[in-house]
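Going by the order they are written in, the chains are A, B, C and D; count residues from 1 in each one.
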């Protein structure tokens, strides 16, 4: 693996952020399976190295926009379990007072402008956020997360055109997990995804999305260049989602094989891979890593418990926040 | 009679019409092998092949536009829009193109297509997957709008829609896909512009659309127990709108509540109320009461979401007030 | 007082607000050097530079989305949408994103942006450049909708819109850009949700929006000559809608006609009529009459186009009928 | 110049079609200047070789979709002056009974699916028309005309993706006339227009849009390949509009120089260039060509006169054709 972050603390923070995402999702899935969560949700498990590798290259005031599969981005950008679980359960203490839910979770305090239930819906928003930075002379960079399926939405090309014309500090991060719902990427994406960005004069890169250090190293470079006005950039991150399209998508064999799933989980898991590297390099022992995982599990369990007991917003809130007062 | 779900009814309508007319095809996201996330279309690709049950990339404006062009040149597309909320993405192709093609060409071009989509909140899906946006479409001349209230209507209206030579938008209630109703084995069509009197009554008229027909029926039950006789009317299509049936009922009962799941303001309830007033004003004992969804984005939290849409109890409460003359605002 | 055109009024409002607040910027097609095809923005790029008067490629969904993101992060975009008909292209960004951002985030995010666009037929521009689509936007919770009826309102409402912390859509009548009105030199703002009684009267209330205020005023002149005293009300914003002023007038006159240039069905006239009925039913002598544009795509041919929109004569004719009790439908 | 059509009749037909377009536009402009035409209109003058070179490669049942600058496409696909002028003047005998007007002129009988006042509005329609051909097993090809400015609309990329995935017989013909209203193409188009099509796996070509034979030769090839299922294709045609963006756009110096206009008109005029070639090759004499022009002028004058005198649709038509009966 390549070098990105260079000191122990940062390595361990990346590790722990990946574990936090996985743990969050495992708990969310449990909440669904035990019928304690309203609605459906889309698990980020398997893609942790993408969100973490990228967000670790960002500062707090940098912005991200997220997707329907957004828990990973939210955690990686600095969110707390408690407010996140409260949001997933529709509770008043959630990041959005329970009004958003899983598909609209946002964390304004850490620069997460929000998940979006419209595939491609946040591409304009991310580009506008970069526009603000440029116009106000801030050095903030915005990362726009979206999936391979979202590359079929025309708005991506509209805003890439504008971002390229105006040199906006935005990085388009395409998480190619091989599927757009129940359809293979090859069936919905003609030609080459990176070539599409390049055709708009945008430098584009492909990176192994299971290798957190590779992701982080590339992002660090592009963020630095973006701050200098050399943006926009495009990254295609090759990755995989472990669960179904959403938690209710259990029988998947008609669109992807169990063997394929197994291969990714056993051979390419981003957390296992990074753990192996950390121990091999002597940065952490197995015990260190186990301790991290244990602590995070406990945190998550406490947060879930808290959220389950927390109260719903008062019904008088129903017509609050339609307009800013 | 046999009972089938609304989902099965839609599936049957599609299969029957696709067998009848080889120029029909289905287009949308994950409609083929997956049969849509709601599994409504299961089995169709097996019968009709991927040439007529066409999976698209996630580009709603694109495939809606494609459908318009296909319709103009001799095929009959049936577009599957996964959530009604995505209609915002295709408004240009639907409203600037499909709706106006026949008129702008002086009657020479047509765009016979069906847009199947859905509406309905209380599914904990958040503000962008819970809207009921049929009023927007109904405002645009050139589009017909159907709103089935049960599996029976879903089948009959969809078959009529597919045979119609105009663009038709049909909104299914996504909460009703598993609801069963009696649906004959024999073929039938339900004409557009003919309302259905679901329940006869003499004291008050309840006009409901889509799943609000059930809400109206439940309200009618509650009221019946209190000695109030409510007539329940399902317009079935809001464009064209069968005002004759509605006026006849209102002129008999002198009172009316209109219930619809779209946002109340600038919505369907306003249109129906305004028409009743224009056409039957002198027969009314009190104002026509509108009950739509609250004018708020649909909140995720179950505690809030459930209070945004009309309920049988709410309808009954308003009916009681109307009966008692308590809507008096003099 | 000095008189300036509506176009100049808009230009002044923009210049003043852009001077006041350095976070404001204009974005749209050919807004800079060209100053828009209507030449409304001439001079602004010279004062504020291309960094704040931003020419975009023809990608309306894209730049509308960009504006939402900009608004969410600390700037105040003023989007220029060349024709109101193009609103169909940006509905997703406007209605699924901008309108819901504040609510969905539980009040934490805001999207303070202004969408300036236009409405109005009879310009021989064909079906895709002549629509008045404000009812669609008014149906969506989270959006405010302003409809200036003269240069005076155009300036005052636009300034208020720019300072508002919500997404606001303002529809200018493209036929009125060269119309002059008295506009003070001194700064003023017009609050949202406050209707203007343009003309006092006692026999009948005419509620008009945008250029239909002029139609109502002309009708009032015609009627005055016949001894009928019409009160003319301009709501100025339809979201929020000042029902107090309208109800007060209707309760005085007992008769009302609502005039708006959007399509009549499922439109603004229906909403206002329905609310009047709900809130002032027992004061009415006859039905509230709605007069919108015909429910047809706007035809190009001048012979047809002119009859699609309400006229003073048409309003006067309906007023006479209402006065004479000829709307009786018993 | 290269060889495309190879017999005299076909050469002269191409010449005459270009002259017909120019003549139509000159008359339309006059109608505007003399205030006899309702509304505005966009002149095709200067771009004739594009419409003619392409449409001469099509058969009657092949389809085209057109734009706000659509008179040239309409004439080239076989329309008559009389019905066209009647439409421009809003008369009952117009192609659309006066209901469409300049921006919506369509000629169903010759496969012209219509002009469109939404920039990019017909890209879906053209792709759908190609879908019909493929589904019904017809060998019709559809050409989608649009301008350089229209390449900024996202729907183009959505439908190119679908056309490429499904091998649809559609040719995307981008008429790059250097301007998108009052803005130079370079200011609104980042990167490369043809590369954008190529990124979707679509073969793309650039051709001199002032050279009718070059345009025709390329199109003949691509149409033949499309009929064999090798489509879609993309062509960028470099051309120029002589008039303003629309007939009312008189003072243009703030966005383009008179010198530039003069250069194109004198050095690169498609009609003059083709005339020179025709005479040089001995296919026609100056007198032959002058006779063609004179006949077309007379035709146009007669059609204008007819249209001016023709009647408007009866007002009872206003609510006809909202729905198919």
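Of note:
Methods note: a contact is a pair of C-beta atoms (placed from the backbone, for glycine too) under 8 Å apart; a residue touches a chain by one contact, two chains touch by 3 or more.
All values derive from a computational prediction rather than experimental measurement.
When chain centres are defined as mean Cα coordinates, A lies farthest from chain C. The mean-CA centres of chain A and chain B are about 37 angstrom from one another, to the nearest whole unit. We define each chain's centre as the mean of its Cα atoms; on that basis chain B and chain D are separated by 41 Å.
In whole angstrom, the spacing between the mean C-alpha positions of chain B and chain C is 29.
In chain A, the residues that touch at least two other chains are 96-100, 104, 116, 118, 121, 152-155, 158, 161, 165, 187-189, 322. In chain C, the positions touching at least two other chains are 56-57, 59, 61-62, 85-86, 89, 92, 96, 103-104, 126-128, 141-142, 294-297, 299-300.
Contact topology of the protein chains: fully connected, every pair of chains touching. Of all residues in chain D, those touching chain B in their complex are 63, 65, 94-100, 104, 106, 108, 113-114, 116, 118, 121-133, 135-136, 142, 154-155, 157-159, 161-162, 165-166, 320-324. Contacts from chain C toward chain A in the complex involve residues 23, 25, 51-52, 56-57, 59, 61-75, 77, 92-93, 96-97, 101-110, 112, 141-142, 144, 165-166.
Residue ranges on chain B touching chain A, taken from their complex, read 29-30, 33-34, 37, 55-59, 61-62, 85-86, 89, 123-129, 294-297, 299-304, 307-308. Those residues of chain C that touch chain B in the shared complex are 85-86, 88-89, 91-92, 94-96, 99-100, 103-104, 126-128, 135-136, 138-142, 239, 262-263, 265-271, 273-275, 277-284, 286-290, 294-297, 299-300, 327-330. Residues 38-40, 90-91, 96-104, 116-121, 149-150, 152-154, 180-183, 187-189, 254-255, 312-313, 315, 317-319, 322 of chain D are the ones that touch chain C when the two sit in their complex.
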